[in-house]
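Common to both upcoming complexes is subunit A, partnered first by subunit B, then by subunit C.
Moving on, here comes the complex of A and B:
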């Protein structure tokens, strides 16, 4: 009873105000959402000082932009190789190189061929088309036509963590190298650093 | 006579310098999108050059205050038709120490980008609600 009274005490002036203003709000196309909301996926995330989305975005962006500045790789084929995680925490390093791949593909400066992880499905698809006997021979993709990469992208991410009674400082360094597969020469190398400090 | 011609040359030089400075300032304003008014950080100059078909940008910023300032920034890239190209960039942070001049360097994500805007936000931005 008291709740109804208190609610009506709040609701009545609100209704009067809305009528005076001559407008009313429409219902949003929303189900639930009292404690859940969408945020900016590009915003700077500082929830904790572990490796986060902003770090991934920043590293991928700066590495991709650095790579586009190498004139010798224009129009060449690249493949993703391993990025070793040498930090003390779990980081999906393949996602860093995948983001770099997306940005390089968007830039239109290089092409990518199947990497080690994608090779299995690529082989299976070719085998299925050519060896299952279920496909029209004139419309199958031929075996032996795959193209090799000119360069492979590999590297490592490492971290230095320092703790005091009041501070935790994490320093990340991502080093990437672009290696000419035929000659073994390093065609490009760059590193990006991130420092995150939190109070304990 | 020599002095007069020298003076005239100096005046012409000063006028031409003034004109170019104004033009540069106009160009600067049109490239910056501030989320509010930056109280302590000032964009001093923006240099643009095309290298290897990609737009290269260098922005020079200065912190007028004696305390450290945090700046949030990102670039928007526009193609020849004024459409945003290369996807949405993530926000980045930069700490500028008291009285420091700092530079931001970046490269366009695609060769189609011919123009850009810099979005700037600082925790010390102020907004005039009556404006």
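Moving on, here comes the complex of A and C:
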């Protein structure tokens, strides 16, 4: 008898919980099995000690924060130059600068113009509109109206890797500088470091 | 007597049931005909031979690897890509399993009892790296640059996984060796051709899976896609793996000037000649008697070990383009890489074999004691039948890969490639539109195949 009582005592809150959970569920259908899961894209990644997603986010965020604090760049136009990869690791440095660009754009303090890698498609598009003869002349975008950047952002990433029989230590340094295109002056420079150590 | 007979039959049946067909297969013999006809340029026959040897529904990794290369030699690139992507699927399964267990997957208990041949063939590490490298080449030939980029990215990601697994594997073998009180060096194996693994070319390699060509190709592909930050590490890694080779050093040194394009305006196409020569040497089996202490006395059991003898393939030193000599640099020596892979694998093989030798020693002693000399001999015959080293490896891979890089203007060119039978001409055409062009040339026997 006591057993039935205690069981129902447990069952009642469980039922309430289940009902509550039912109310909050979004009812999106779940397709597939249990061995795939979504994670937090900002979660700290410590799978291996090679350059990873957390490093990319960390570098981009701190660099963007540092850049927005430079008063002289407010409302100016910028372009992305190259971040040289001086490591032996396949790091897509264009992704670091692109992340910085996104964060600066979101802050609304600067504007970006076509960079070297985007120039090809930009000119092709202008040529297509103006020279193919397929477009209404009054509605084509005119050649010769592109605006130049006030500053360019460039830099490099380098690394030092040391290994012993029990440890692997990796040190990354990203340095960026902002150069005034007209005068050649360096308007801002900063560097960020990351150190990762793993046991083998 | 009847009891003894039953025992013998059980032992024999046990041994035979464990062997299955995998253990009886001699891959070396199987591929001999295929390679011979391929060398004579009879690729269709070679392909038919591969099909003949793989009649089952469940095709293994090697089938797709060999078939992909033969189809590439035939010039059927889409089919070759298709076959290699099937092989890649198998390797991806292995990768997933290895990531989960953090161990090299596919280890079977049976290999301790019978031999390594019954383990699922997961491919040598250098084969996995070469597969995505070859796929990159095929994609580039077919003009599929995004496919090539995917494969090249896969190559270096795969290399990183292999590196971390190898570290763990090494620790595990050390541990096993200590546990079983085995010395795991091949130098103690009496009669083993130690010089094949102690070759300076083999010892000089950093490891058995990183190929300078794969990284150089990565550099070239990324460069052609305008991704300088990824091209630089490709060239840099190639130099680290093969220092002091001018073509590799130029790759990195002149990257900036090439990509800024000033020196190239109207300067023609950046042509990369990739010359593959010979066939990688295969594994053969060699039986070595291992002394085993069983039941108070030493017994010699026959244990098979894999041996790779250098292929000594013909290696061309230079090309000439319209009569002008172009120096070739051999940047990947797969012949040595295969032996390096075996050298690194030997400790594991020795530990497994010694455990097997002990088990066999005990079985043999029991047979000798119970059945007398005749019965014992029958038992030995049964175990010797199953004792064969794992001979499986991707045999249609080239032994050497050499490269030459030059700038050519639009037009048709005659490329002269030296072969063992004298120089052979191949015509290539450089289109106007291409800034980058890869020309793969494969020396098969006396002929030069352009894919």
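Throughout what follows, the second predicted complex is superposed on the first by the 172 of 200 C-alpha atoms of A that agree within 3 Å, B and C clash if a C-alpha of one lies under 4 Å from a C-alpha of the other, contacts with A are read in each partner's own complex, and residues count from 1 in each chain.
By definition in this document, a contact is a pair of C-beta atoms (placed from the backbone, for glycine too) under 8 Å apart; a residue touches a chain by one contact, two chains touch by 3 or more.
Treat the numbers as computed from the prediction; the structure is a model and nothing was measured.
A.B. asks: Overlaying the two complexes on subunit A, which is it for subunit B and subunit C: clash or fit?
C.D. replies: Partners fit side by side after overlay.
A.B. asks: Touch check for A:65: first (subunit B), second (subunit C), both, or neither?
C.D. replies: In the superposition, A:65 contacts subunit B only.
A.B. asks: State whether A:107 touches subunit B only (first), subunit C only (second), both chains, or neither.
C.D. replies: first
A.B. asks: Taking the superposition on A as described, I'd like to know which of subunit B and subunit C A:78 touches: first, second, both or neither.
C.D. replies: In the superposed model, A:78 contacts neither subunit B nor subunit C.
A.B. asks: Classify the contacts of A:50 with the two partner chains as first (subunit B alone), second (subunit C alone), both, or neither.
C.D. replies: After superposition on chain A, A:50 lies in contact with subunit C alone.
A.B. asks: Touch check for A:176: first (subunit B), second (subunit C), both, or neither?
C.D. replies: neither
A.B. asks: Considering only the touch criterion stated at the top, classify A:149 as touching first (subunit B), second (subunit C), both, or neither.
C.D. replies: After superposition on chain A, A:149 lies in contact with neither partner.
A.B. asks: In the overlaid three-chain picture, which partner chain does A:92 touch, first (subunit B) or second (subunit C), both, or neither?
C.D. replies: Second partner only, subunit C.
A.B. asks: Report the closest approach of subunit B and subunit C over their C-alpha atoms in the superposed model, as a whole number of Å.
C.D. replies: After superposing on chain A, subunit B and subunit C come no closer than 24 Å at C-alpha.
A.B. asks: Using the superposition on chain A as set up above, list the residues of subunit A that contact both subunit B and subunit C.
C.D. replies: none
A.B. asks: Hey, which residues of subunit A end up touching subunit C in the complex?
C.D. replies: Interface residues on the subunit A side: 48, 50, 82-94, 117, 200.
A.B. asks: Show me the residue ranges of subunit A that touch subunit B in the complex, using the header's touch definition.
C.D. replies: 40, 42-44, 54, 57-58, 61, 64-66, 68-69, 71, 74, 103, 106-109
A.B. asks: Contact residues on subunit C for subunit A in the complex?
C.D. replies: Residues in contact with subunit A: 153, 156, 160, 164, 167, 218, 226-230, 232-234, 236-237, 240.
A.B. asks: Which residues of subunit B touch subunit A in the complex?
C.D. replies: 51-52, 54, 72, 74, 86-93, 106-107, 109-111
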